[in-house]
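Next up: the structures, one after another.
Next come two complexes built around chain A: one with chain B, the other with chain C.
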Partner chain A sequence: MTDASWTRSGQTASFTDQYLLSAFGAVLVVLLFFAPELVNPGLLFIIGMTLIQSVFALSWNLLFGYTGLASFGHAGFYAIGAYFTGASLRYGFPLPFVVTLLVAGILGALVAYGIGIVALKRLTGIFLAVLTVALTEALGKIIGFTPALGEQDGLGNIPRPIINLGVTCLDLTHSNAYYRFLLIACLLIIGGLWWVIHSRLGRTFRAIREDADRARFIGIDVARYRVISFMISGGTAALAGALSAPWTRIVTLDQVNWLASTQPMLNSLLGGFTSFWGPVVGSVVFTSINYWTRNYPGLSEMLVGGVLVVIILVAPTGVLGILGKLRARLLKGGRA
Partner chain B sequence: MINQFVFVLFNGLASGMAFFLVAAGLTWVFGILKILNLAHGAFFMLGAYIAYTIGGASPSSLWTFIGVALLAAIAIGIMGLVTDKFVLGRLRNVDYHYVLIATFGLMLFCEGVAKAIWGSDYYSVMPPPEVDTAVKIGSSYISLYTILVIVIGLAAFAVLELIMNRMWAGKIMRAVANDPWMAGTIGINVPMVLMLSVVASFALAGFAGGILVPNQTLSVHVGSSFILYAFLAVVIGGLGSIRGTFVACILLGLVESANATFLPEYGGIAVYVLLAVFLIARPQGLFPPQGAL
Partner chain C sequence: MKRRTLLKGLAASASLSLGMRSTYLRAQSGPLRIGVSYALSGVGAPVGTQFMKGTEIAAMQVNRDGGLLGRQIELVVRDDKYNSAESVAVARELAGAGINLLIGGSQTVTALGLAPLAPELNAVVIIAGAAGMPVTHELFNRNIFRTVANNYTQYSSFGRSLIETHPQVKTWISIAPDGDFGRDSALFFGNAVKKYAPGKDATVLDTIFTQGTATDFRTQINALMSSRAEGLYIGVAGAAQISFFQQARGVGLYDKFRVIGEVGNGEVTGKAMGRNTYPNLWSISYWNNDLEPFKSNPLSQQLYKDYVESTGNKFPPALVMAGQRSAMALFEGVRKAKSSQTDAVIAAMEELTFDTPGGPCSFRKEDHQMIATSYYSQMGPSDTDPFYKILQMAQIDTSQMIEPATPGVKFDIKDLPQ
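Then we have the complex of A and B:
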């Protein structure tokens, strides 16, 4: 009898938990939606960047946390999206903005496909790490030689788009309007990634991460699914970049080096790569550290680097992992 | 035309040897511990800053210059000891992803420390007076410092080759690299050998920092330009092979220097073509170490 009530109370707890989390999420989304009325423009810009960084980090984590492959040059994809969108808005390509975003995503996925078919069959592990770093650096060099892309100075003065809906126009030139568009786009992309990870495809990815050989034995075409994961990840990263170009209104070479590639990595590990929301939590934590330490040179690198090392050593599952463990311990303590 | 070739040859050799000084420690630790230490460039940078702090902006003679580089090597070697004790030593048997990310965190930490101590100003250091001139070879002028870097690089290679292939210490290291468990059962103190390898690798990074400061302006980013070439050299050379890394460094140096001379508007792109060719045609590298990996 005690056993039964135990289970039931446990179930109720997790049910309430889920309910609470959904409520929390809904409140957060509403707050985010009204953020332009609640905070100053400087902070709004940072919130927008955090949203973009969350999507970027989630795209990296699809590769690392769910498929077991580490790209050390993910900034390359982000830059492809950002430069493509930036150039298309700046030079007025006759493309509707939403189509531009989609093309940017497809471009990222195609580049990922190209790298994937060359690299993922033979080169996993350290080779993949070095190859992705080198390719991103090479892309940075190529952009640096292209006058149309602003060479070393970056592509500035990017106008914000106006979306023509036929009946009416959606004017995104004001930052508040573009922020809301950004928020909705990010939520849609995050929803899409959630769906991918919780679908059959996502389970296949996880099977490959757990044990590639066994996955092969049960008939999974490992190389093919690795390429698919790489494509989704690269495409999403390019989308994050594409959304960032009109928000920052300038795209620079700082976004195309291997240090920029480590941003999604830091965010994912900081938050916890084993959970879906980890990269989002990590992006928020990272931005906060940067925001509070912005007046002390070197402190933010020291803090972030130190936290990263400590996380790998003591809690490889990140902030969410620690919270989960704490919660389990507290609940256990409560019951005993 | 011949002058240009002499110029390309010397510049290429000099940058190749500079890459090798940085890559040697990297490839050493990779060969023995199977760790790609992303923080290697950051410790190289710290070595350069320490050499600058001890020796000042213009070293008084060649011997003080080399002495200062050796002091930097000792300082960074001690840091290696601490790093091994607190970080690398605890990550001996985990997935390599975690090691990559932990060393990346270390790199950020070191950059933060350097920014906090030395600020974000740029410093420049003069070569020692004995080598601060140029000699005429054929009809082109080659800086003596360039020749010094080439000589030191060759000497470092010779010493490492001697240790690895002719000496007792190198045989123990190769035994540990090939089969740590078996090495342990025949009485080799494996953790000690691994720790000493890490310390040696860090000391090499510090020494390289001291020797190469006059090559360019000193800033927090000084490591990143070298370390990228060092990674490429380690991959092209065959992971963990010192001889392969040496040849790859010379190759990279020559390609880079030829690119800068003959195609200056597309500087720095040819090495990536070289890397792509190697990855497609010979992904195991020039001299894949036997038995390892």
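Then we have the complex of A and C:
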């Protein structure tokens, strides 16, 4: 649901919607928490991947949907997190797992800072997009020549962690345990992004997206805030990658190329990039299409492509945009 | 406890156990479900679909002969999309559906995702086409069996085969993609050429590296033409190899080299080049029904017949045999174990020897690597459709060319006796 549709629907409808959405969200979280008892391990793995893809897509949409910057090489940040965490667990770096995740996020943010400080002072639009693609391709080449990172074969057999809590240990080696850790981590990250977007910082990002010149005129340091947005986005993408490594137990160069970078874009466009929840909905839609067409090789790509064409032609604001329009039409019909 | 409550409890327990028993019986008498996970879409599909066809034929052949353990085989097929994360999802889904016998890994990238999962899923996993060294080395576990020669064996055998059939060629060179597979295959090939050359007087020049997906080879072709080599190994595969041949032909590379070995494109290059196929082109191959030793092997003849009947195509790709052999390895393991339980099948397969269209195969107990004969085909142009032909097959017994088993330990060629 877009912010605009809240106001269009009026105060009463907005309050009811908010109540219903909160209840829906709570039920969904409970269902997700008990998913290991409700679904088979294959579907559980897919749900876990959808959570990770949701965080990844949200990180991209923070840039595109809220700051007006396009990164076409976001997979590079994801890969930084995934490879760092994979290597840390595989080679037994003396770091607690939570610290490993934090370091992965910080690494992503630092690389984003490096690019941002060079590029975002002068470059936006297609130049920034090309630079981020170049970063990802360069990273892929470096990994491809690094034996410790598995070169072309990838880094496989990544063990799942055991977190030492002092008095007890949190054993995440079993899929169900790691899934619950993953769910909580993703919810915390999504909550953090929600807070950022609805804070003063998020409003500043939106002001820059709407009109950078006007934002500069009223005293906003546009370049600085763009770098901050890029750092949060890069750090979050790296966190998504970091969480994925112990889940899939393998990290490969498939995750470090321009094609992998299109995944968060696809999810955001499918769900609706004008809404906070759009990338999450897009990830769920994309995964659902893939899952229900898994017995028909090649069909999922055709369906996703077809849905994308329809969305771009009919509703550029994605699935949530279509739902918003339908709802508005229904309400209008009800009042008439 | 009241008597009525006790009786109700007993009745409920009895019906529950009867229900469970009937479910168990149904599972034992229904079809034997075997999971299959190959790359059926994406860039890996040309390989994965051929493996799939071979696996389907294997299941059809066994079902036609009465099935396994008195049950028909049902293949539960999934597409791994040439993606390691997808192969993990597929394996978990199949295991979640109660399937403990899996065939997959048509390429190394998906096998590396699949292999470490096998113990957790308590499944027997056949790695059908992945030749990457980690599968039977650092990623080894007792639940996986590889039914294809690994890179070291494959390309060392290829180098040996070419130098033994062309002892007059004294200087060799390679062009390969600048990745670990390209570097390794050129290294293994070159080392074998030096080792098995009569009088050990062959020279192997420095490898020329390129991009695996390159379309312009003018610089590399120029370097090859300037070299003094007479024998060439091409580690570039797919469409890039065809581009290489098209560009090389025009500048006289066909006249310069007396023999060329290529990484395994086989018929793909033959079909694309047709009458312009290099006349002494050697490929890694698995099967050619018209040539010995396949021509006199009844299993090969049956595979050809079944392939033609099910597809209408009289020119089966060689990889079909690899897919059929992989499935047959698992089926024969189940037959020998007289059980489909994971531990029983593993124990049976460790001692298994079975016949295939390419001759007898067995597994090395220590690292579950298949030992079989490796085949290499000589291809050249033809005046009749499809305008290329396979002229002969060479073969090497891989038991002579395999590295020592070091399960759990990373393979390093420096550790081998030179």
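Here, the second predicted complex is superposed on the first by the 324 of 336 C-alpha atoms of A that agree within 3 Å, B and C clash if a C-alpha of one lies under 4 Å from a C-alpha of the other, contacts with A are read in each partner's own complex, and residues count from 1 in each chain.
Simple rule for what comes next: contacts are C-beta pairs under 8 Å (C-beta built on N, C-alpha and C of every residue); 3 or more make two chains touch, one makes a residue touch a chain.
Computed from a prediction, not measured in an experiment: that's the story for all the values here.
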item: Joint occupancy of chain A by chain B and chain C, clash or fit; value: clash
item: First (chain B), second (chain C), both or neither touched by A:254; value: second
item: Touched partner set for A:49, first chain B, second chain C, both or neither; value: second
item: Contacts of A:131 with chain B and chain C, given as first, second, both or neither; value: first
item: Touched partner set for A:110, first chain B, second chain C, both or neither; value: neither
item: Residues of chain A touched, compared between chain B and chain C (which is higher); value: B
item: Chain B versus chain C as contact partner of A:298, first or second or both or neither; value: both
item: First (chain B), second (chain C), both or neither touched by A:64; value: first
item: Contacts of A:151 with chain B and chain C, given as first, second, both or neither; value: second
item: Location of chain B clashes with chain C - one stretch out of 59-67, 95-103, 131-139 or 167-175; value: 131-139
item: Contact residues common to both interfaces of chain A (with chain B and with chain C); value: 297-298, 301
item: Sites on chain A touched by chain B in the complex; value: 64, 70, 72, 118-119, 122-123, 125-127, 129-131, 133-135, 137-138, 141-142, 145, 258-259, 262, 265, 269, 296-309, 311-313, 316
item: Residue ranges of chain C in contact with chain A within the complex; value: 40-41, 45, 77-79, 83-85, 88-97, 108-109, 112-113, 115-117, 120-121, 132, 134, 138-139, 179-181
item: Residues on chain A engaged by chain C in the complex (per definition of touch); value: 40-46, 49, 144, 147, 151-154, 156-157, 175, 244, 248-250, 252, 254, 294-295, 297-298, 301
item: Chain B residues touching chain A - in the complex, by the definition given at the top; value: 36, 87, 90-91, 96-98, 100-102, 104-117, 119-120, 224, 228, 231-232, 234-235, 239, 265-266, 268-269, 272, 275, 279-280, 283
